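Letters A, B, C and D mark the chains as written, and numbering starts fresh at 1 in each.
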Amino acid sequence: MIAIMSHATSEERLQEIVRHIEKQGVTAHISRGTDRVVIGIIGKADPKLAEQLRQMSGVEEVIKISKSYKLASRDFHPDNTVIDIKGVKIGGGELVMMGGPCAVESPRQIDEIARLIKAAGGQVMRGGAFKPRTGPYSFQGIGVEGLEWMAEAGKKHGLLTITEVMTPEYVDICAQYTDILQIGTRNMQNFDLLRKLGTIDTPIMLKRGFSATYDELLNASEYILAGGNPNVMLCERGIRTFESYTRNTLDLNAVPVLHQLSHLPVIVDPSHGTGRRELVVPMSKAAVAAGADGLIIEVHTDPDNSMTGDGVQSLYPEQFAELLQDMEKLAPLLGRSFNTHKEPVSSASSK
Amino acid sequence: MIAIMSHATSEERLQEIVRHIEKQGVTAHISRGTDRVVIGIIGKADPKLAEQLRQMSGVEEVIKISKSYKLASRDFHPDNTVIDIKGVKIGGGELVMMGGPCAVESPRQIDEIARLIKAAGGQVMRGGAFKPRTGPYSFQGIGVEGLEWMAEAGKKHGLLTITEVMTPEYVDICAQYTDILQIGTRNMQNFDLLRKLGTIDTPIMLKRGFSATYDELLNASEYILAGGNPNVMLCERGIRTFESYTRNTLDLNAVPVLHQLSHLPVIVDPSHGTGRRELVVPMSKAAVAAGADGLIIEVHTDPDNSMTGDGVQSLYPEQFAELLQDMEKLAPLLGRSFNTHKEPVSSASSK
Amino acid sequence: MIAIMSHATSEERLQEIVRHIEKQGVTAHISRGTDRVVIGIIGKADPKLAEQLRQMSGVEEVIKISKSYKLASRDFHPDNTVIDIKGVKIGGGELVMMGGPCAVESPRQIDEIARLIKAAGGQVMRGGAFKPRTGPYSFQGIGVEGLEWMAEAGKKHGLLTITEVMTPEYVDICAQYTDILQIGTRNMQNFDLLRKLGTIDTPIMLKRGFSATYDELLNASEYILAGGNPNVMLCERGIRTFESYTRNTLDLNAVPVLHQLSHLPVIVDPSHGTGRRELVVPMSKAAVAAGADGLIIEVHTDPDNSMTGDGVQSLYPEQFAELLQDMEKLAPLLGRSFNTHKEPVSSASSK
Amino acid sequence: MIAIMSHATSEERLQEIVRHIEKQGVTAHISRGTDRVVIGIIGKADPKLAEQLRQMSGVEEVIKISKSYKLASRDFHPDNTVIDIKGVKIGGGELVMMGGPCAVESPRQIDEIARLIKAAGGQVMRGGAFKPRTGPYSFQGIGVEGLEWMAEAGKKHGLLTITEVMTPEYVDICAQYTDILQIGTRNMQNFDLLRKLGTIDTPIMLKRGFSATYDELLNASEYILAGGNPNVMLCERGIRTFESYTRNTLDLNAVPVLHQLSHLPVIVDPSHGTGRRELVVPMSKAAVAAGADGLIIEVHTDPDNSMTGDGVQSLYPEQFAELLQDMEKLAPLLGRSFNTHKEPVSSASSK
């Protein structure tokens, strides 16, 4: 930690500040520049010290040097985390393609979509049983029954499953039926939920808050890792900016940045990241070119009649299949592998 | 709802779209402009219809005209909501001043700060017993014991109390000890929590998400109102922008805008809205000049040693007292009343 | 300047970097923390050094400590700049009220509005003769003739005048007719224009770019100051954020922040900062409460027929007059003076 | 254009508004919904009408339906614009790779970099002779001499050249020496400059303002097109968001969106769009995968000693060469062609 003194701080005030710092059991190291004096604080300081210094007269700015997350940092874990779920390896160089509807609507719907996702070469089926909705009068999801339908369809067609969990009390039941738990953008800093996720070992896909910095995303992942669950993947799904033509601005810079700062796998969601079906295919390819370990894409057999109204960003199954065929050719040129004709995952969703 | 057709949509496609609309039991009304054709949809359409239209070929844009919230809207409730809590009236022209520490730290601390808030002329004491923290290694709050200390200090000194509640399961216990429940910026769209708040009648102060639009804030309040709790006040606490010198950008435009769109009281939090103590006093005055019904301000007797590190934005008690004296003179010129020497609130915190 | 080394930098690499730094004639000062090593660079470094260090392997981050502006900084000029224009003093505690139409439309229009601005108690009349327009098919302004009409009206009614100048070649003619030159939000970083403004001594009102940070605004003012023109006032006029209900988000935090960082006067433009007439009055009061030295407000006698279409944010003359009467009462409580019945400015606009 | 009436507008007021509209020579078409009444305005309305309506009592919102740009719109020009510069075709399916230093520094430097860009397979050399700098004390560029050096190096090595022009008076001299003129992010709305560019026929690369919407970018291009210069390409170079880890947020959504809205070629600048060398290669590939017609990349032979300090985002020449080899393999899979061993452009830079 570094404290930068104001231009006109007296020597006496400087010494007072140094004494305050050293009372905390850390060392203060003074550097005198031409315009300003800087104090370096050496040792493991109480997090409060930064804030205390910030408000002491004579201190202009305090800069923290150590990152606030450790377990998520590549500094302390140089090798990539590879999450192996029933033989599907996420983060290890093989592209993982997840597809499915925004919401589970009926057993027939989910069986049909599972068949198509599998036929296209996907490894994971997404589907929401509980839906976060910005207005109270919208469709709020099918509930636990939807989890059962998904589990069944996943098992039958040899697909892993992923679903969103929104509250701590639903974590266990979702984890019982589903292979991966998704934390949505509005819950990235739902700290009670994050703490609960740290107590299980089901893999978690943590979506970036639509206004969260990289640092905040990594701190949120730290909650789960610190609780004891090492199986975390990060997901870029678009941020909120001044541009309103697209639903969000998909920030693909996040992909190489997160890979640099962290060892966790990075998934991209081009459906929410654009909000428009006609942008999903080009942005899917862009995400993989930027280095994504996988994609999560909304696919619907009848988007005109989707229950959530998110159909506008859903691919038709044929589009998803065609995209995966293109990926099969692109992946090797981008240092990853992908094969649409692989054998069914061994015992997927056989929980 | 209005659907704008693409430049080159054929008459045949137009008629197909009209038939699709009318199958939903609403009326389609065609207006032919020079460049484009527009369809007006008349009647109460299923919310899905907008999204369906958006993805039909030939439709360029769909614009919803009715607001998605009703109970929060001034259109349907022209008079101001006035929330009366033990004689303190919020939203009725009398300024309400809330002050206190970020976190409850000890019974002695909270008693001392209550005495000072009361002496300064404040009506409500704030204090956090549970703290949302972006990193897992920070101080997370005292817990239920802190609620008891606050209730006691409030009762002794004749102050109402406000505290943040973060999860549905803590709503009842917080409501038992506290007069107003605060929903923090990261929980504005925690829909389970909002639904729970709709089932009680304790007044709620709903903070705007740091990246939430006015419309999203009003929709979030609609969740609580629709559940049956009419006692909601809105709180502007700063939004996230490209400017990082201040912790947030306090958006005071929100005050007159929310008053125009809604009948709910509007409180401003200049402490989080600036993040810097030296900006709190001028921005407090600005907030009241913009029309705020009240302020919530961090005040700490020993900010250098605050447990949360938020001391940097806390006023010293003397500053708070001086601000309230200034408010007493300013308020009448701004169409509101404020009196630092009022009688103690009748039975405040006597729950 | 401070360079923070990566976690795993070798001692050898550290010494190489130190040698590179010291070759530039400055001193490198090593501080060893528990996790990381930090190098303080002492002496006046070439601006390139920061960037060089940023890309050297082993360097994680480089932080500049000295501000990049000097003349605009309060560090080096503790007293407020007061700009005296024919007896109207800006920045010295007296509120300055500027009003007038977006665009000069006719001699009759500008004479009438000048009469009303003066009668209301305003000191400065605004009016645009050249208009920056985002689309090429919009009204582009009357031109030099408009400057003459304004000068005449200002002289007749005893008002100072302010107009926007958009290109270096028009600076001299605008300065010949007008008392204050306004630089618009899209030209804040038009460096050729800024350099030209440094060569004259006409007072300049420099508007913050709608996406410029405080630091960038102060650096832009530094261009003018460094050229030799000390008569610069800053203007907050709203920034672009994710919120689109208002035309811009008026950032009133800017007022106390700019006063803290700089000695230059700070003006606020609530017309562009909100884009909606009904918000202009409350936000004008808020701006003065936040500490503004003056306001610039759009006023139009017939806003429904304004040539630029900016009428939607223009006050009616009666609203402007009423606002100034309120200001007369508010100003003394906010540490400033304002008097609507002052004598005409001595020889205003008698150029 | 559509005007949405307030909830409680009387029939009488509605008829007044209709009469006001019809006085302008256009037709008003009333649609009565359940909650609200909407007026469709049919015919070519004066642009002022929208603003007039916006401020009439009873009108809640006015929505423009026609786009404000025509010449840039794909609606009126369905085929891609292909700009042919001495045999290099931009926008026609062949990738165009532009590389070179931020600033021209010496004849030797620019000759050496031209040799390397050519050897790598690039078709265009970039280089700045005039530099826009946010602070007045930074290096401001070499000037006209730099243009001569670039032209010579381009001619010798068979490369097109591109340089930034910042003011109308330099347009002619820059166009004399250079094949493509670049308009920088801070000048996207420098309307005098745009008008001047409309009077020549030199191809223009118009960079998106760092806070400009797609609509504003297309309106800016309309200025040039409307002036008579059809040779415009658009450039996405990153936008300003709340995320400050990267210099800008590269908005690749812009690529498919601009291709959909417009027929103009779209170039991407991953150097400014990230600000960090290690992100340039992955984001270059992502940009091409998203559909970019070309890239403009900073390349420097000795980035540690670059004069502008932008070295931190410059590729080493070897990295550029390797990237272009990868592009040669990727391009065909992404529907474009690219060949690093093509013949020299016929008479490139032989002006």
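Following the convention adopted for this analysis, a residue touches a chain if its C-beta (ideal position, glycine included) is under 8 Å from a C-beta of that chain, and two chains touch if they have at least 3 such contacts.
Since we're looking at a predicted model, the values are computed, not measured.
Comparing chain pairs C-D and B-D by the number of C-beta pairs in contact, the larger count belongs to C-D.
Mean C-alpha position of chain C lies 28 Å from that of chain D.
With centres set at the average Cα position, the gap from chain A to chain D is 31 Å. Between the CA-based centres of chain B and chain D the separation comes to 40 Å, rounded to the whole angstrom. Along chain D, residues 211, 240-242, 244 each make contact with two or more other chains.
The touch graph of the protein chains shown is complete.
The touching residues of chain D, counted against chain B in their complex, run 2, 4, 6-8, 29, 31-36, 38, 40-44, 63, 65-66, 75, 211, 240-242, 244.
On the chain C side of its complex with chain D, the touching residues are 47-48, 50-52, 54-56, 68-69, 132-138, 166-168, 186-187, 189-192, 194-195, 210-211, 216, 219-220, 222-223, 226-227, 240, 277, 303-312. Those residues of chain D that touch chain A in the complex are listed here as 211, 213-215, 239, 241-246, 249-253, 255-257, 260, 273-274, 278-279, 282-283, 285-291, 326, 329-330, 333-334.
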